[in-house]
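Each of the two complexes below includes chain A, the first together with chain B, the second together with chain C.
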Partner chain A sequence: MMRNPHRTQRIAFFLLLTATLLIVVPVGYILLVIIQKGLPAISWQFIFDIPRHGMKAGGIFPAIVGTIYLVSGAIAFALPIGLLGAVYLSEYSRDNILTRIIKLAIVNLSGVPSVVYGLFGLALFVVFFKFGASILSGSLTLGIMILPIIITTSREALESVPQSFREVSLSLGASKWQTIRNIVLPNAVPGILTGTILGLGRAAGETAPILFTVAAFYLPQLPGSIFDQAMALPYHLYVISTQVPNVDEKIRYGTAFVLLALVLFMNLVAIIIRYRFRKRKKW
Partner chain B sequence: MSKIITKNLNLWYANFHAIKSVNACFEANRITAVIGPSGCGKSTLLRVFNRMNDLIEGVRTDGEVLVDGENILGAHTDLVELRKKVGMVFQRPNPFPLSIYENIVFGERIHHGFIRRYELDEIVENSLKSVLLWDELKDELKEPALRLSLEQKQRLCIARLIAGKPDVLLMDEPCSTLDPQGTSRVEELMRELKNNYTIIIVTHNMQQAARVSDDTGFMLLGELVEFGKTEKIFTAPEDKRTEDYITGRYG
Partner chain C sequence: MNMRKLKEFIIEKLILLSGLASIFFVILIFLFLMKEGLALFNTIKVSAFLLGKSWYPISEPPLLGILPLILGSLLVTAGATVISIPIGVGAAIYIAEIAPGALKEILKGGIELLAAIPSVVLGFVGMVTLVPLVKNVFHLPTGLTALSGSIMLAFMAMPTIVSIAEDALYSIPKNYKEGALALGATHWQAIHRVMLPAASSGILAAIMLGIGRVIGETMAVMMITGNAAVIPQSILVPVRTLTATVAAEMGEAVVGSEHYFALFAIGIVLFIISFIINVTADLFLHKRQ
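Take a look at the complex of A and B:
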């Protein structure tokens, strides 16, 4: 049978376009609904007030602050460790069966359901280390959850730095560490930040890992130390959507809107930093 | 005076015998060319002199390589010192994605930590002058080095190297990515530099070897077939294989 190249071309184009639309349209629709229903709720009072009347009125400030603390804590824990691990794996470890298994295991860890991390955090940080349900436990749990993402993307970023840079640096008499510090790491920054962005978004949005380790159902004050419990946006959203009856739709969508905006804003900062680094580096 | 002497040098990549009992003397303040067909081991030989082969797993060497009378193949050799003394120019010009200025002072910063600004400025000026780039680039030292032309990049790499005051310049096909004008200017530069440095160049451009070098070694399948004055190798080679290669029977 003769194939008509024009027809197969049209079919391929149609399939690819459909797939793209299937991705874009639902996401766009969700965004649209959240903006449409959530935007009217946004006011200074909504953002900077504590929840009142059993969370049916007032604002969500403690949840915003809680989420910012948790995400910062998670990044502060996971970024240094993840980066150092990635440097070891990509620059120092030998390429053998063991390191390949380790690398594969790390990639797979990022697919573990978040509730498993939640249980792990409960057992290790809350109970074993006796941190209790606290910002510390929650941050560490979230940090462990995003470690695989940070390690994997950082490793890829380090490995994509051209081998010739390392060779020249060594040939000029630099030691291995000087080469990594001065040449490899600066050139891997954009990729490392990409991993951080991904981890950040995930840490901000997950409910399950904080459920057992930090999240307070209702705590109308700001946390005083890292050993306090805290409210957090995703959990608060879950609570007012399912656990508390008759919460105004406006407040629910407003909370979702703030969560989205927060993640978007944090991403934006990282994207700007990445862009500035990338502009300097071209090879 | 012999700057580098190899005695019964052998090198294996795992089971592949890449360099076979090479004995040669590389003289100071001369340009020595190493020629031979692809895969004959000439780049490998070059990379023995600054121990760059160490980066490859499974490399084994025996014999001796004396640089200024000291065997550099020993386990106690200080690679940092060796590589400061024996520098390398690579086939593809490979400046770092930094400014022209920062490229040149890279080694200085690494080796000495804090250095005064005027000292660095002086190093940059002297290095660029010795590769004849100063007049072209003195007003754009802060520009990214990756914007330069290929030839300028290669000169910059040479400047970066001599900023660290090496004795020996190893050049691994330094002109193979350059056009004929660029090539002839870099060759001119090499003649200039040999007054102060020992230069060893690997090339599979025989005409280049004939043009720039004082001594020439011909390698084939890991063996150094013939080594001697360039005029002699190119006009009256002793070995039949050298003659066949020079006259273009294979290669």
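Take a look at the complex of A and C:
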């Protein structure tokens, strides 16, 4: 019996399309469910009120503020180190064993399970440095976690600046650092911004690294200093969906909606910057 | 003039230090896990820890055998791997080779979107949709099972598998495919006989990194696998993974207690697993270039 290769191809392509749909359709469904059930829960009061009655009523304001603090702290730590690290890889490193090890370390850092970051943050910042469970400990832990994202995207941005730009600057008598500061970095800003925002989004959504380093179960007031504990959106969603019985479904979906909207909004901004930059690029 | 030189000297040293920061942090993570975790082995033998069949950390004396947790992680991971390889690699082929221009961008966007959704949100959605579904389909007392975890984690591994496998297919020289087509092969024959073998090491790396993502995933798995620290007899019972154990119990463990040390020792196990997976996957990716 001869097999018809064109029929085989039709069947194969159909199966491949099915596989793709099996991923994309559930993604659409998840977004739809959260928007449909979460959006009606959103109100002025839900966003700007503190949780009340053991988190069964009221709003999520302290969790939103806590997440904003944590994410700002993480980026303040990770951006300078990540950006300079990217400058090293793009402008200074040679193709040698050290560079290879640095790249391998970055790959490993991005592969470390998020809960292991939590353990590390607990051992180093909370216990060893005695920062306690605090915004400082949580921010530093999240900062190290998002370092690989910032290094990788910034490096790509720096490397996409044409070599001729550097050569012109150097030939005019500028030093290597002047060339980097005045020519390479300004041309890489959109790419660096994209990486920074992706890092922000990642830090805002992670739960495991903040479990033992900062997150407060229920703290109906705003943190006063970086040595205070804070509530955070992802941990709050975990708490009200698994730890506290009989929380109104509306509050759960509303919290999930706010968290998802925050993270996806940041990703959207990053995508728009990347897209506009690609269109505008003159080289 | 000299001030400028000094300034540049300092800046270039800072750049070098930042370049080395990644190495520094990887070592720091490992050292601090060891510092807190190794203390456990003053009281318990490594073999009793890894192969002990009972995890009762708050009994007196505590029983700290993580075999049920290792098997829980393995079961959930194996299930997720079986589900995610055909679907993930299939989708990568479809997006890289078959989907026309505009559709391709939409599909890639959809998969990027999935990568961006926080795991606690996926866990929450899994709790309210997938868990009742599994319960009803298999007529179980609870839908919080290893199977639910496998399905959810397979889904979470997809973005990693699809994007790396797609890159691997994309980076095969065009003349491989053109050669096959010129010899009269159909498009599918060219994909199946020429491109897949040529991209095999990249696809293997994609699968390994997907598995790495699954083993390390914490929140979603803790929310939907039921957290029973017993040796699983089937995929339709609640299990507890290594990651979920750490996340669920560290809050209650007293700093400096055996329980605390044991949770850090689990962290060492997780760190070593992820290290091996990432280094091996990197070797595969490097081989391709």
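Going forward, the second predicted complex is superposed on the first by the 242 of 283 C-alpha atoms of A that agree within 3 Å, B and C clash if a C-alpha of one lies under 4 Å from a C-alpha of the other, contacts with A are read in each partner's own complex, and residues count from 1 in each chain.
Everything below uses one rule, namely that a contact is a pair of C-beta atoms (placed from the backbone, for glycine too) under 8 Å apart; a residue touches a chain by one contact, two chains touch by 3 or more.
Computed from a predicted model, the values in this text were never measured in an experiment.
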item	value
Fit or clash between chain C and chain B when superposed on chain A	fit
Which superposed partner A:L122 touches (first chain B, second chain C, both, neither)	second
Partner chain(s) touched by A:V269 [first = chain B, second = chain C, both, neither]	neither
Chain B versus chain C as contact partner of A:S164, first or second or both or neither	first
Touched partner set for A:R252, first chain B, second chain C, both or neither	second
Which superposed partner A:I34 touches (first chain B, second chain C, both, neither)	second
Touching partner for A:A76 - first (chain B), second (chain C), both, neither	neither
Which of chain B and chain C A:H6 touches, first, second, both or neither	second
Which of chain B and chain C A:P113 touches, first, second, both or neither	second
Distance of closest approach, chain C and chain B, by C-alpha atoms in Å	11
Shared chain A surface residues [contacts with chain B and with chain C]	175
Residue ranges of chain A touching chain C (in the complex, touch as defined)	5-6, 8-9, 12-13, 15-20, 22-24, 26-28, 30-31, 33-34, 80-85, 87-89, 91-93, 101-102, 104-109, 111-120, 122-124, 127-128, 144, 147-148, 151, 175-177, 201, 204-208, 211-212, 234-235, 237-238, 241-242, 252, 256, 259-260, 263-264, 267
Chain A partner contacts - residues on chain C that touch it in the complex	4, 8, 11-12, 14-23, 25-26, 28-29, 32-33, 35-36, 86-88, 90-91, 93-95, 98-99, 107, 110-114, 116-125, 127-129, 155, 158, 162, 186-189, 191-192, 209, 212, 215-219, 223, 243, 246-247, 250-251, 255, 263-264, 267, 270-271, 274-275, 277-279, 281-282
Sites on chain A touched by chain B in the complex	94, 164-165, 167-175, 178, 182-183, 187, 280-283
Chain A-facing residues of chain B, complex	50, 52, 55, 57, 79-81, 83-84, 87-88, 90, 92, 94, 96-97, 106-107, 109-111, 144, 146, 157, 160-161, 164
